[in-house]
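Going by the order they are written in, the chains are A, B, C and D; count residues from 1 in each one.
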Amino acid sequence: MANYGFIGSGLMGNPMAMNLIKAGHQLTVYNRDASKCQNLIEAGATQVSTPLEVVAAADVTFCMVADPEAAMAVCFSPHGVIQGVGPGKGYVDMSTVDPQTAEKIGISVQARGGEYLEAPVSGTVQPARDGELVIMAAGDEALLEKAQPGFDAMGKKTVFLGEIGAAASMKLTVNMMMGSMIAALSEGLTLAQASGLEGEALLDVLSAGALACPMFKGKGAAMLAENFTANFPLKHLQKDLRLAVQLGDHHRVPLANAAASNEMAKRGCQMGFADEDMCALIKTVQSPQKK
Amino acid sequence: MANYGFIGSGLMGNPMAMNLIKAGHQLTVYNRDASKCQNLIEAGATQVSTPLEVVAAADVTFCMVADPEAAMAVCFSPHGVIQGVGPGKGYVDMSTVDPQTAEKIGISVQARGGEYLEAPVSGTVQPARDGELVIMAAGDEALLEKAQPGFDAMGKKTVFLGEIGAAASMKLTVNMMMGSMIAALSEGLTLAQASGLEGEALLDVLSAGALACPMFKGKGAAMLAENFTANFPLKHLQKDLRLAVQLGDHHRVPLANAAASNEMAKRGCQMGFADEDMCALIKTVQSPQKK
Amino acid sequence: MANYGFIGSGLMGNPMAMNLIKAGHQLTVYNRDASKCQNLIEAGATQVSTPLEVVAAADVTFCMVADPEAAMAVCFSPHGVIQGVGPGKGYVDMSTVDPQTAEKIGISVQARGGEYLEAPVSGTVQPARDGELVIMAAGDEALLEKAQPGFDAMGKKTVFLGEIGAAASMKLTVNMMMGSMIAALSEGLTLAQASGLEGEALLDVLSAGALACPMFKGKGAAMLAENFTANFPLKHLQKDLRLAVQLGDHHRVPLANAAASNEMAKRGCQMGFADEDMCALIKTVQSPQKK
Amino acid sequence: MANYGFIGSGLMGNPMAMNLIKAGHQLTVYNRDASKCQNLIEAGATQVSTPLEVVAAADVTFCMVADPEAAMAVCFSPHGVIQGVGPGKGYVDMSTVDPQTAEKIGISVQARGGEYLEAPVSGTVQPARDGELVIMAAGDEALLEKAQPGFDAMGKKTVFLGEIGAAASMKLTVNMMMGSMIAALSEGLTLAQASGLEGEALLDVLSAGALACPMFKGKGAAMLAENFTANFPLKHLQKDLRLAVQLGDHHRVPLANAAASNEMAKRGCQMGFADEDMCALIKTVQSPQKK
């Protein structure tokens, strides 16, 4: 069994860390709000009070925090990750960040002799609990071997994508497509209902055909139930659409569909739904009288 | 076993009729180009020379032709369907038409005492062969019972949606979403490749997550192989997107995403890909130097 | 001076007819609601009670009604225009209609030996009052000569565009561009204000540069004053955008910008602004909290 | 007469500097490629070899370089502007930059006791030659008085907009609207021609109505003549559209129209027209067979 560390014990990080413990790995944990690690300690984890101490204690440290700013802070604060890495230490950042942030962190880790993987995931809270995440990894392939037992505990599939930045690009591409599909579902359900059809009937037809996917099932039901409790907040979807469109700008790839979805998501945030689930996007398509 | 008729023996109609024969039903067939019924005759069908004769011979007549114009011609030509329907006769139009056309045909059938179902399908050539279509039916519920054994031979699922026009609206809604998703896949694959990723890696990640659907698998592989042989031609996708956007105009539902996809599809047709498969849409996103 | 007729005495038609009278022409008038012709009668016009009587009394009859349905009714009702036209009679339809409607009317007039021009206008109520409309004419060039004195009284410029349908296409193209520009102005003013700038400062800068146009001045001021009294209702702008996008569909011209503007206009109608002026489009871009 | 400096002698900067000389001002000039200042020297300017020397010699220094990177280099290189500014020195950056860049430069100038204005312009080469630019200024209002004689020589109108960043936001807003209008003109001309109309007829109708603006006249003629020589390159338009959409992201203003135009511009760059004039955008709408 491996000697792992885990930084971040939020909605995603906590169940991921728990799956590492359940798989029998030795785990050192840190979270800014220490109280959120309580269940992990009870399950056998050792808690420390800085990211530096996690890295000092573990061979491979995983990190799952909310955004690029948090990922940078964890690394570059006075008692941060960078102070602790060096030869024989591996750092695996599973947070969703842009390619530039991934590169900054990776270069700094490598400059001190450490090994680095960016490893963002596809999947939200339930798959995190079930150990069913899809893990997109890129960076030092040598570290992949040491991290793999951990990935196997947290996810159902790991894809290795090459050099640093590749996993962030993949994650943005997937989330861009997710945004377009949430927009398509929002328009489809609203058009169906405006045409006199039952929304459930559309979901039923979709589930039987070539477009059937888990997201339509889950988010379609949530839209019809007007359950907008955030699983993945609309503002995060909009952020990913924005970053994907900018990636397209960088590579001169026209993205008319994603850009239209991005503006819909911006409209949704402007209307006050930023902190609701991404499926609140349907409210930008529905008649205001509807609500 | 039922006494059925079938009008139309094209790419879709021919295998659908064959599945009726295989299921043991008595079948009378008609196609404008009679030679295309040869395999059906060999399998036991009776061929006649006008739509009127099909309706005269059968209790329930199915029809599967290319577009609204053909569907209208089959019904309203001098020896057309309408001349033959009456009490005890059922007519099931499985072609993809707009709600207005469905209504015109339905009202004419009912005016002469016949029963009518519009029953467009989801699925293309392979599901038609495999008897795996999804059938969206609307109109006279009484006819549904008589048509159901036929539907069971041709499809894996039948959804009854209510009054005439409902199935056409459902079909347009589903195909609109298909158009948005083909656009999303086109943009996703192009962005991934421009970012230095393998297209196959994106399909791999998609297949493991919440967006996994049969279409991404099939059409994604076709896009990467640059195999644009028409299964469902781009011009038909564009036509359905146009009709869906017009349905949204009718009901005042804003459809920014579908409208953007529609313009991409128009661009593809303008570029010369109208008769290629809908997955040729990716060529409107890729660099022209790529090809 | 000519012997003219005028059908339609609405917001546009009434001042146009008045300008014909002021220019010294003999005028026979008809309006469905006869009371709206009162000021014209006082100014010297002769009022009759059917379109047929107008055509019978006049050499050239102008028509200005609200939409294609009204234009068709005026022509094809029992005592309509078509019953009265024949050799020596000219009919000039200045209503905004689609190319198909223009063609139906034109062919019917010509079939009875009459001459026909479609002549939609650019400009709304104020230019109609001032005789400053821009007239786009197409059809029988021989009729142009007889109608020109009338056009000179109602407009400041007449452009002859060729065969029937050409003027309708031109009108749709111009109004499509108008829709895109109203959308651009809506976005520009909202972005400026969100950035802390005064809306007036943007209008000021625009008025001094290459984008300066009368519409930005007029509609920009109306937007800032939140004066949405209909001069040209949003629903008419949306109708023209829809018809223009369909014209693009017909000719396979991709119109991403116009399509996006069309969906914005649909959203505006859905939000309840259909009968407000087209400049109410800005409310689809502004924060809902703003109002 | 004032003692001015000018940094940058490119397509825009050179005629602007010349207008300062013609108005009788004393002028010190610098350009990275010194040979481009030859005509200015012949007209009476003094040439120096670093930005620092310009600032040292002049009371107020104007700068007009290509992009944010160049504007930063001019200021922060070893012999750059910042080394020379201080009490009594004014610096006026007329380059088009984003609000963040304007702020960085402004704060650095002010930190050393100097005065700063950002003053981007509306107008391209011909207005620069004719002294007909529109100048959008923001920053230290005290400097405005000293710079005004220079602005009067270079432009026809100056608008003061408030604090640093305001002028950059205004410039982006105006150029965003310009992008939408170039897109609208591209679509309008292509739709008109596809409908059988003459492109010139559309320009003629536009010039007489509420949409009449100098840009439609100039760029419309260029599009019809297929004259794509860069006055304002498509890649610069795309850059400004991108920055404007990002500004909208920052302020949560949905910009569906501008976003659609941005993707059209990206497509144009991808097709190989990045260095052609922005009016080459029409080639993304036209049939590829057309060229």
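In the analysis below, a residue touches a chain if its C-beta (ideal position, glycine included) is under 8 Å from a C-beta of that chain, and two chains touch if they have at least 3 such contacts.
Chain-to-protein mapping (UniProt): A, B, C, D = 2-hydroxy-3-oxopropionate reductase.
These numbers come from a predicted model, not from an experiment.
**Q** Pick out whichever of the two, B-D or C-D, is joined by more C-beta pairs in contact.
**A** Pair with more contacting C-beta pairs, C-D versus B-D: C-D.
**Q** From subunit D, which chain is the farthest off, judged by mean CA positions?
**A** Of all chains, B has its centre farthest from that of subunit D.
**Q** Centre to centre, by mean C-alpha position, how many angstrom separate subunit C and subunit D?
**A** 38
**Q** If you average the CA atoms of subunit B and of subunit D, how far apart do the two points sit, in angstrom?
**A** 53
**Q** Which parts of subunit C, given as residue numbers and ranges, touch two or more other chains?
**A** Answer for subunit C, listing residues that touch two or more other chains: 248, 252-256, 259-260, 263-264, 270, 287.
**Q** So in the complex, which bits of subunit A are touching subunit C?
**A** 256, 260, 270-272, 287-289
**Q** How about subunit B: which of its residues touch subunit C in the complex?
**A** The touching residues are 238, 242, 245-246, 248-249, 252-256, 259-260, 262-264, 266-267, 269-270.
**Q** Can you list the residues on subunit A that touch subunit B in the complex?
**A** Residues 122-123, 134, 136, 156-157, 159, 161-163, 166, 169-170, 173-174, 176-178, 180-181, 183-185, 187-188, 190-192, 194-197, 201-202, 204-206, 208-215, 218, 244, 247-248, 251-261, 263-264, 285, 287.
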